Amino acid sequence: MNIIYTLDIAGTFAFALSGALVAKKENFDAFGVIIIAFVTAVGGGMLRDVLINAHPINWIADLNYIWTILAAVFVMFFFKSKVAPLSKTMFLFDTIGISVFTLLGLQKGLNFNLHPFVALIMGMVSAVFGGVLRDVLTREVPLIFKKEIYASACLAGGVVYLLLGYLGLQENLQFIVSATVIFLIRFISVKYHFELPKIKNDIFGK
Amino acid sequence: MNIIYTLDIAGTFAFALSGALVAKKENFDAFGVIIIAFVTAVGGGMLRDVLINAHPINWIADLNYIWTILAAVFVMFFFKSKVAPLSKTMFLFDTIGISVFTLLGLQKGLNFNLHPFVALIMGMVSAVFGGVLRDVLTREVPLIFKKEIYASACLAGGVVYLLLGYLGLQENLQFIVSATVIFLIRFISVKYHFELPKIKNDIFGK
Amino acid sequence: MNIIYTLDIAGTFAFALSGALVAKKENFDAFGVIIIAFVTAVGGGMLRDVLINAHPINWIADLNYIWTILAAVFVMFFFKSKVAPLSKTMFLFDTIGISVFTLLGLQKGLNFNLHPFVALIMGMVSAVFGGVLRDVLTREVPLIFKKEIYASACLAGGVVYLLLGYLGLQENLQFIVSATVIFLIRFISVKYHFELPKIKNDIFGK
């Protein structure tokens, strides 16, 4: 589907831009910025493809990912002051990105005949691990482990996708509804600062 | 062998629990705790399988690993105060875990027709790299690089396993003896605080 | 070609020695030193082979890499005081190493029928990611992201290699000229402290 591919590329652009922003704050040189943008944008899908033995892996199979990432780094280098005020637009793209990444990863897992639960994990890996790798390379504790309903949004949308599939919904509709679920959970949770529970006391109150 | 599979699962449970404990100390949210438990428990075997091209990789081929990890996280969330006093039991499970992980990894390497020395490395990778990945994700310097006779125990047991194989020992016996070697070295070294030598002075005393 | 293989091994030795030196400064034990030396020396090629599905991967296909690494660690343990004054020799070996690693990685990519641009990336991954993995495991911000014209030298040499290939130059000559390009850029940039530009102001001066 052409619309989904467009959204995939838009999400890649947004992820690359966010990676480049982090690298810039760390005072990385041009090469370092490209690497971090690259890892953030395609790292999740790359890990997924290595784990499920899907060769050629994502960015080797389709060079458009690389061109998109280089374009994002170019924009960051030369139009930084124009991008900064667009943080809301970027957040929108980013949220579209995780929605599409999750469902495309999940679909790929199902196409590889994985157990639906494993395919669900692969969807989350696709959406989440680019950011984890970025944080590891910039020596941050991965953000998603601490503060945000991010992976949970992907999980919820993935479950909805599987359920709608069992119910026999038409495939395009199935994709759109599940993507909307991820988008809305993520969007609302950021707006209202929801967080997942942490282990503090157990059921014995200790 | 059914006993070995049971010990494998018990070790997975212990590794997952130890990962969840670390994640809890880092104040991770529920999702972060699951990821760290997961990586600690199956990360070593996952890396091994990717390196030797053994697809489907460990936790994709057998979903029981995932259920075991989720059970460990569940226990950590709801029965934390009951688990903490059991640290000796957990250390026992953990030590059983590295013994079984090492030998199963080594066997898998041999089954894939790797050079015995490479198979030996794969055994150590299986037992040790879950902890390394956990430490990388939680921004610790990997513990095993600094303080404990851990990998060395795996190495020694692996060598014993290979030697007994050349001597033609019956396979079950070969497994039990080598596992015991790993278990005892690890157990005794923790009890008496043995450490590996570090590079301080060379043979010229400088 | 036998000379290239010899240079490959010399580079591996230099990379392993530099990894062992870093691990020593971090006060790692013997096992930790071996792991860091190993990752530094063959980590880049290992990552490349996993990404392009080239099994068996580098150090599994040829055990000489492992023996070379163990020899380097042995030297570091017992002849440290003799090695330290040789830092210029080691820098020479290291620079030879990145030249050879880049071109061998690039050639391997081309042999696997990758797009030349992807093969170029694989050459850089081969030369650079051993150091990145070393830095991640020792909790440093990867050096190459910040300070040195390192990856850029690999990139330039790789581009020259591809161009000379299109021009139909004889293969040995093609290798020697491109390796010299990498060597010289790296050598001169270290001597005169060149650095890549960082993102400070964009074209609007902001």
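The letters A, B and C name the chains in turn, as written, and every chain counts its residues from 1.
As a convention for this text, a contact is a pair of C-beta atoms (placed from the backbone, for glycine too) under 8 Å apart; a residue touches a chain by one contact, two chains touch by 3 or more.
Note that this is a predicted model, so its numbers are computed, not measured.
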Ask   = Which chains lie in contact with each of chain A and chain B?
value = C
Request  = Could you say what rotation angle superposes chain A on its sequence twin chain C, using C-alpha positions and rounding to the nearest 5°?
outcome  = 120
Query = Taking all residue numbers at the chain B/chain C interface, are over half used by both copies (same) or under half (different)?
reply = different
Query = Counting in whole Å, what is the centre-to-centre distance of chain B and chain C, each centre being its mean C-alpha position?
reply = 31
Note = chain C residues touching 2+ other chains are 50, 53, 136, 139
Query = Given the complex with chain C, which residues does chain B contribute to the contact?
reply = 50-53, 114-115, 117-118, 132, 136, 139-142, 144-147, 150-152, 195-199, 201-204, 206
Complex contact set, residues of chain C against chain B = 23-24, 26-33, 35-36, 46, 50, 53, 55-57, 60, 63, 66, 76-82, 136-139
